[in-house]
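So that we are looking at the same thing, I have put the structure below in structure tokens.
The first chain written gets the first letter, and so on, giving A, B, C, D, E and F; residue counts start at 1 in each chain.
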Amino acid sequence: MKKESLRMSYYFTLPVNENIALAYCDLSMAQEIYECVISDKEHIGVFLDFAHRTTDISVQEEYIKMKLHNNAEGTDKMFCLIFEESIIGCIDLHKINQKNQSAEIGYWIHSDYTNRGFITAVVKKICAYSFYGLHLNKLSIFADVANVASNKVALKCGFEFVGTDKAEVLLRDELRDMNKYSLLKKDFQLE
Amino acid sequence: MKKESLRMSYYFTLPVNENIALAYCDLSMAQEIYECVISDKEHIGVFLDFAHRTTDISVQEEYIKMKLHNNAEGTDKMFCLIFEESIIGCIDLHKINQKNQSAEIGYWIHSDYTNRGFITAVVKKICAYSFYGLHLNKLSIFADVANVASNKVALKCGFEFVGTDKAEVLLRDELRDMNKYSLLKKDFQLE
Amino acid sequence: MKKESLRMSYYFTLPVNENIALAYCDLSMAQEIYECVISDKEHIGVFLDFAHRTTDISVQEEYIKMKLHNNAEGTDKMFCLIFEESIIGCIDLHKINQKNQSAEIGYWIHSDYTNRGFITAVVKKICAYSFYGLHLNKLSIFADVANVASNKVALKCGFEFVGTDKAEVLLRDELRDMNKYSLLKKDFQLE
Amino acid sequence: MKKESLRMSYYFTLPVNENIALAYCDLSMAQEIYECVISDKEHIGVFLDFAHRTTDISVQEEYIKMKLHNNAEGTDKMFCLIFEESIIGCIDLHKINQKNQSAEIGYWIHSDYTNRGFITAVVKKICAYSFYGLHLNKLSIFADVANVASNKVALKCGFEFVGTDKAEVLLRDELRDMNKYSLLKKDFQLE
Amino acid sequence: MKKESLRMSYYFTLPVNENIALAYCDLSMAQEIYECVISDKEHIGVFLDFAHRTTDISVQEEYIKMKLHNNAEGTDKMFCLIFEESIIGCIDLHKINQKNQSAEIGYWIHSDYTNRGFITAVVKKICAYSFYGLHLNKLSIFADVANVASNKVALKCGFEFVGTDKAEVLLRDELRDMNKYSLLKKDFQLE
Amino acid sequence: MKKESLRMSYYFTLPVNENIALAYCDLSMAQEIYECVISDKEHIGVFLDFAHRTTDISVQEEYIKMKLHNNAEGTDKMFCLIFEESIIGCIDLHKINQKNQSAEIGYWIHSDYTNRGFITAVVKKICAYSFYGLHLNKLSIFADVANVASNKVALKCGFEFVGTDKAEVLLRDELRDMNKYSLLKKDFQLE
């Protein structure tokens, strides 16, 4: 057994399909996530400023630590996308609100793995996990109006367009318009 | 000078028009706000659960204290509506986001003072305060789809309808649909 | 309406007399207070070390943030003096003690605006605010024995000399003697 | 697909063998863990006082929350044993020390599932996870001298007896002697 | 050696004279201090409200814990008076201010041990400790105007009367006048 | 009376024998402890990494502050060894566990004062203090297998060898084996 595969064998995973799985994000994954981000900073950074702020490993470690504390408080969950025993992206639930039974979904994937339906499959799995595992009732996705891929993902996963939030998020010193999509548990089709 | 009017004279205010003013909310106003809420609990509670949770003065005090700490962190501001030297309602900015230059507006008014245009005037003033005093760029209002008055206020103040967020907020054990309205600084008309 | 006057219009104020007003201090005032202090550092710093420690805007911001958190805890309040829509000084209540119903007053004013009775008028207003708005019973002022103006202010406002606290406060590496003055609510003359 | 199996499908797991798996412990598992503990309180409580302290679900929730915050700080990890899609026990790493590269292991299992080798298999898996996934160098187990099963587990997993710590842990008002066992990474046999 | 004297032998002490000593206050002394206070509640409570608030041992424990945290922050120190191996009172330094090199002294003694000069001797020792051990420059004592004994102690220890602070401290719902006394290091006579 | 002896006179001490005493560690001792450590860094650092990390006085101050906060929480106590009115070493109790009535002992002494039986006498005193003053039931000492002196101290003080913890503590990038010794109250001989 190779040393590399040894490391991979110790992620806690939820299978998505025969190709990919979700792994529970842990402090021990900081180095691998960091390397994934910086190796594709230009692509990931087109619609996500964090890629440009991730200037060294400690930024990634502090981010994971913050998300884990938020997990303990019940407001956030962070997962990694695993393909062939490598981390190729992240997906998270944030603003989890137990009273209103809602949350927002965010995600990014390395450009080497786009156009294979991975994100669509993963978002559907997170929907199932959120509705049946966490007993939430509503999920929302915000997609930059210029982010064609992300808008398509939301629609392919059965989310309904709610409206366009103008000047909603700062991206490289510009306030960008964001399309909001939502999905209620009652409208979710478990495949 | 009567003792009662003495107390009134020490609010820090921003005039709205010849009838009403906004006052900076302070711990010393807890008793008066509390009395205003419980004297009109049925009306205020139709669309706001907090009215039912305000079971004694300490709940009100803790709420103000929490808002003042959030003010110190830059995320919230809370004001009282003053009419003839009495508190008749509250309006706040919450989720103030310095990076995205945005905030959300919330408000309630005692039923003795509705239908006089007070809320419309106050919301317009808060818009001016937010855009010119706090240098924000975007304000949003969420109104229950059944709250005719609140939907009208948003439109009268120049806010644009963004979309309907289904099952967005829990109100007496029911997840209610909320209409979202937004206003950008560039679209705001200073009267 | 000029842009500058726009900014001024959004302070929450308590009128002092026809010339001046008090404004509730807010994070958004940090820049203007900072500019006021550094433009008169020599004068303000004669009896107040903070003027020399205010080396950049972030020092001022952290100070206001600390005072606002203390406001939430009920121990401090900080106000700005407004003259012709400009900040010309600050006055605060500190060591507010709800059990003993007491507080201490501190203040400074830009040298361009001294000798006009502004501080005397403002201190009297803060007395009225503290006794009738905050229901305190006792206020104290500490004045450096060499600070002729400040000692006069205390006496002109009706404060009684309590005693001289020797070697009480460090000022530029010297422990200075301070005169203490106090005023009880029962002895306060509302004008 | 039954509702019950739906819930089970959303655990993040690490397979142990063909029968059992480890699941990353989450706030959403509090109810199921609580029911497992109280249904077997007499057995679990023979050597673990926590079983007697778990008097309602909120005790379990607070415990998980504390462990998740400790996970964010890097000192604890808590996992559930899954057999046929049910939680049948827990295993944790505590006192994780990054500097000394060490941790302690603790565990319990419902009496319906003892004597099947489950705990031995799970401890071996946790050893592999700790040495290769978390890069620790040393693991320790403390077993009550009267806890025959737990002493056997330590030895069967390749741990070496270090010594007997007398009067080490309070159990129902009695200070009990504990056998300490340790295993170094270099002595661990990956099966 | 008797068990009781065993306990006494483990206080960390600073001798005051041949009769009495000061002991560093510790959590393990809570029970003994508590018993001392409640056995003389009427006497101690004449000028100190805390005696009436000390309704059970946990109040005393929380107070000591708070003082020890303040000690770690450098603002408070709390000591016990030891006579014939028993605690007969307490003396503390509070509002220790490193910048201004000043502190305030507070104390109480069980009525069985008054009129023997114990407090005077102890205050003198604390002055020496503060000026030479802690390098402070100024100490102050506040004594209720009706507390003849305490006023005498201040004067006998060489403190100078500063002034009478009217309505300074709440005692059983009455705001009491307090005499303030101060002593500078340069005026302290080491005996 | 010399200035230097003045300073020494204000430690709170517990006599050990005719030569040495223990003093309650205080923030005001930081400078003297720091000087003791750096004057003997090579010797102290042979088995204790902290000596190498103590690069300036602020490191020592932060360490004492942390220990004093832990003292307030009941988990740590730190004392200085006093010989001829000078600090010559430190001894502490850490991991104080009120439930299990246990603690661990740590110590170091300047090389100018070794081989005189000081540490043995001090450890015995701390045992008496812990068993009779703090009502603990068990004390443990960890000694590096190569630290002949420390192993001897444990045995001379009546501690029993428990076992050797392999690779237990990092010392200059090497994980060292540590011998563990324990002593129960019932086995302690008060001399």
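Rule of thumb we're sticking to: a residue touches a chain if its C-beta (ideal position, glycine included) is under 8 Å from a C-beta of that chain, and two chains touch if they have at least 3 such contacts.
Keep in mind it's a predicted model, so treat the numbers as computed, not measured.
Trainee: Show me the overlap between the contact partners of subunit A and those of subunit D.
Mentor: Joint contacts: the list comes back empty.
Trainee: Please tell me whether the contact surfaces of subunit B and subunit C are same or different in residue numbering, using the over-half criterion.
Mentor: Copies use mostly the same positions to touch.
Trainee: Taking the mean of the C-alpha atoms as each chain's centre, how many Å separate subunit A from subunit F?
Mentor: So the centre of subunit A lies 51 Å away from the centre of subunit F.
Trainee: Where the centres are mean C-alpha positions, what is the separation of subunit A from subunit E, in Å?
Mentor: 60
Trainee: So, what's the distance in Å between the C-alpha centres of subunit E and subunit C?
Mentor: Distance between chain centres, rounded to whole Å: 34 Å.
Trainee: Which positions in subunit A touch two or more other chains at once?
Mentor: Touching at least two other chains: none.
Trainee: Determine the shape of the graph in which chains are vertices and touching pairs are edges (line, ring, star, complete, other).
Mentor: Graph shape here is a ring: one loop, exactly two partners per chain.
Trainee: What's the ring order, kicking off at subunit D and moving to subunit F?
Mentor: Traced from subunit D through subunit F, the chains around the ring are D, F, E, C, B, A.
Trainee: Okay, in this complex, where on subunit A does subunit B touch?
Mentor: The touching residues are 99-102, 137-138, 161-170, 175, 180, 182, 184.
Trainee: In the complex formed with subunit D, which residues of subunit A make contact?
Mentor: That would be residues 1, 6-7, 9-14, 22-24, 27-28, 65-66, 68-69, 71-74, 79, 128-129, 132-135, 190 of subunit A.
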